[in-house]
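The following block contains the structure, expressed as structure tokens.
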Amino acid sequence: MSEATGGIEMEEDSSGKIKKFLYVNRKAPYGTIYALESLEVVLITAAFDQDVSLAFIDDGVYQVVKGQHTKGIDVKNFSPTYRALEGYDIEKLYVEKESMETRGLKESDFIVPVKVISAQEMGDLMLTQDVILSF
Amino acid sequence: MMKFGILVNEGPYTHQASDTAYLFAKAAIEKGHKIHRVFFYHDGVYNSSRLTEPPTDDRHIVNRWQKLGKDHHIDLVVCVAAALRRGIKDENLLEGFRISGLGQLVESGIQSDRLVVFGD
Amino acid sequence: MLHTVNKSPTERNALESCLKYLKKGSAVLLIEDGVYGALKGTATTKMVEQTLKSFPIYALYPDIEARGMQDRVIDGIKLVDYSGFVDLVAEHPTVQAWL
Amino acid sequence: MSEATGGIEMEEDSSGKIKKFLYVNRKAPYGTIYALESLEVVLITAAFDQDVSLAFIDDGVYQVVKGQHTKGIDVKNFSPTYRALEGYDIEKLYVEKESMETRGLKESDFIVPVKVISAQEMGDLMLTQDVILSF
Amino acid sequence: MLHTVNKSPTERNALESCLKYLKKGSAVLLIEDGVYGALKGTATTKMVEQTLKSFPIYALYPDIEARGMQDRVIDGIKLVDYSGFVDLVAEHPTVQAWL
Amino acid sequence: MMKFGILVNEGPYTHQASDTAYLFAKAAIEKGHKIHRVFFYHDGVYNSSRLTEPPTDDRHIVNRWQKLGKDHHIDLVVCVAAALRRGIKDENLLEGFRISGLGQLVESGIQSDRLVVFGD
């Protein structure tokens, strides 16, 4: 993800301001690039010392499933990056319960520790945010 | 009067996202709001190609962004990482756009009153 | 908060999913192919009418008109132009796009 | 649609061969460009004297709805082109019944004469084709 | 004929729509995000199992594996690699992509 | 042995379509089939940009098509109408690709035993 961290420029004054950023991930990995490029933004946001949360709902829950092996499609497996988020102090990962269950998944299927919450709770979480980015 | 940031995630013509973002930006300006930056990410980077040549009876999405940017001092930023893997470089970048890092998007989120996302 | 939906509800799950997360003060704005969710007599009409009882739903009129749907909009859905879209964004503290 | 007809080159020998081409349209107009660019291929196919049919299923039925006014979104209204297809001897336009009905549409809502057929019949039609293009 | 489906059945209607048009001799091949339609224990499993009684369904194994779904495939769905994909195209007189 | 035509409707990296089409084409060739043409339409035209520069640890989708075309005499055709409105011209076209009309797609449908579509 070296390209992702290139080009950080803080020439404008945004120092000190901390906002709550929520990244809403609703798409499956690999079929499209949104999951990967969303992760690149997440890493940058952390570098700006913002308060970052990630929500996985609908097919987005597939992004954090264990056991991805991408050699056969000749695409880079970026799922280990989710495990690296902790090192950037990004620890608020939320999975919506119904999305998980209707896909036959359970908490132990995920590659990182996530908090499984209901749609009700997810809706409450959204309300507390300053900036919501969805890809 | 508010300060808006805009994120465009899709390329011109293929998806309506760039059209809607443009018409939203224009309406916001007309109402007296400020668009401080439009950030082009994912396929959105294709909105900056100076080689774009639509049929003559069609809108010119790329030139339209350029003009809006010039007329209203909007910072038109194309994400470097997204641009490189999609073949957008200074060589084919239209004047008025600039290529920079994702930090510019985060900054836009921090500094604007609202960040509005247009995509697919 | 304001939720924008730009996908047809008969092709994708964006609208249905969005409606699960609405809270007091939430509003929904249908744009682009999302305006097909504003129509009477379709497979998703009932779901939308049900939501209308608790939350305001708006639709972007230029998108309705482009698709030839001007006579089919569900009663109670409010039509806005781009200027109205801007107002909705300004009136709500955050906006979330359901792509 | 002048650009569409540019670049017809028949330097290779495909003279005489007539195949059945079916264009399957499943997407709504304007939100994406697929409907418009599909129509451009259709016109070219007719110029090659091929046997062309068009199928409108799922959201594709919205492509041929009457009363489209696109000035407000500043995009060209291409729906009149469906009416011009007849001039290219393209007269086999099929709408799938259930797709039409679940969208609250009826035959008189369409901008061109179409044949409304069941999914069963549409499946049979697909079977008789040589080339199926979907966008 | 061969039908290829590359969309997730929980996001879009491509798979459900495709299944309506199957005829004697038809086969379905799930590729890319379409392989999520090959899984056990999901909201679309029953629909797919029902179809399996009458039509062969294949899934592209490299796509299954990429998504970490190798242990979740419905019994009876046949796994193929790109070479098997080529064979399926060659064996059927036409191929239709459900995009 | 069969003659295949391939249609690619989406750009590189953003959608998997171009990857799948490539791996399909490679497998077909390995099995002794002939790919006579790959036609790039819609956003598929972006697969031909010589300015494409993915991260060094990623596959290079554009160069990969070029090599496959050269090695196996595959005609790589980019639709002119789709390319113009998306900023692909001779100026940024990679050697090995050519820009031509939609007639080349129709011909591919007529001449090939199977036309296989990859898109979104």
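Here are some notes:
In order of appearance the chains are A, B, C, D, E and F, and numbering begins at 1 in each one.
Here, a residue touches a chain if its C-beta (ideal position, glycine included) is under 8 Å from a C-beta of that chain, and two chains touch if they have at least 3 such contacts.
Please read these numbers as outputs of a predicted model, since none were measured by experiment.
Shared contact partners of chain A and chain C, listed by label: B, E. Chain B and chain F touch with mostly matching residues; of the residue numbers seen at this interface, over half occur in both copies. Compared on C-beta pairs in contact, C-E and E-F come out with E-F as the pair having more. The chain with its Cα centre farthest from the Cα centre of chain A is D. When each chain is reduced to the average of its Cα atoms, F sits farthest from chain C.
Between the Cα centres of chain A and chain E there is a gap of 28 Å. Centroids built from CA atoms put chain C at 24 Å from chain B.
With centres set at the average Cα position, the gap from chain C to chain F is 38 Å. For chain D, the set of residues touching two or more other chains reads 3, 26, 30-33, 58, 73, 75, 130-132, 134-135. Residues of chain C in contact with at least two other chains: 6, 10-11, 13, 32-33, 62, 81, 94-95, 97, 99.
Contact with two or more other chains is made by residues 9, 13-14, 16, 20, 23, 42, 55, 58, 81, 84, 115, 117, 119-120 of chain B.
Working note: touching chain pairs come out as A-B, A-C, A-E, A-F, B-C, B-D, B-F, C-D, C-E, D-E, D-F, E-F. By the touch criterion given at the top, residues 6, 31-33, 62, 81-83, 85-87, 89-90, 94-95, 97, 99 of chain C touch chain B in their complex. Taken together, the chain E residues at the contact with chain A in this complex read 6-8, 10-11, 32-33, 36, 39-43, 45, 61-63, 65-72, 81. Those residues of chain F that touch chain B in the shared complex are 11-14, 42-43, 46, 49-55, 58, 62, 81, 84-89, 91-92. Only residues 3-10, 12, 14, 17, 19, 21, 33-34, 37, 40-41, 44-45, 47-48, 50, 130-135 of chain A touch chain B when the two sit together in their complex. Residues 13-16, 19-20, 23, 55, 57-59, 120 of chain F touch chain A in their complex.
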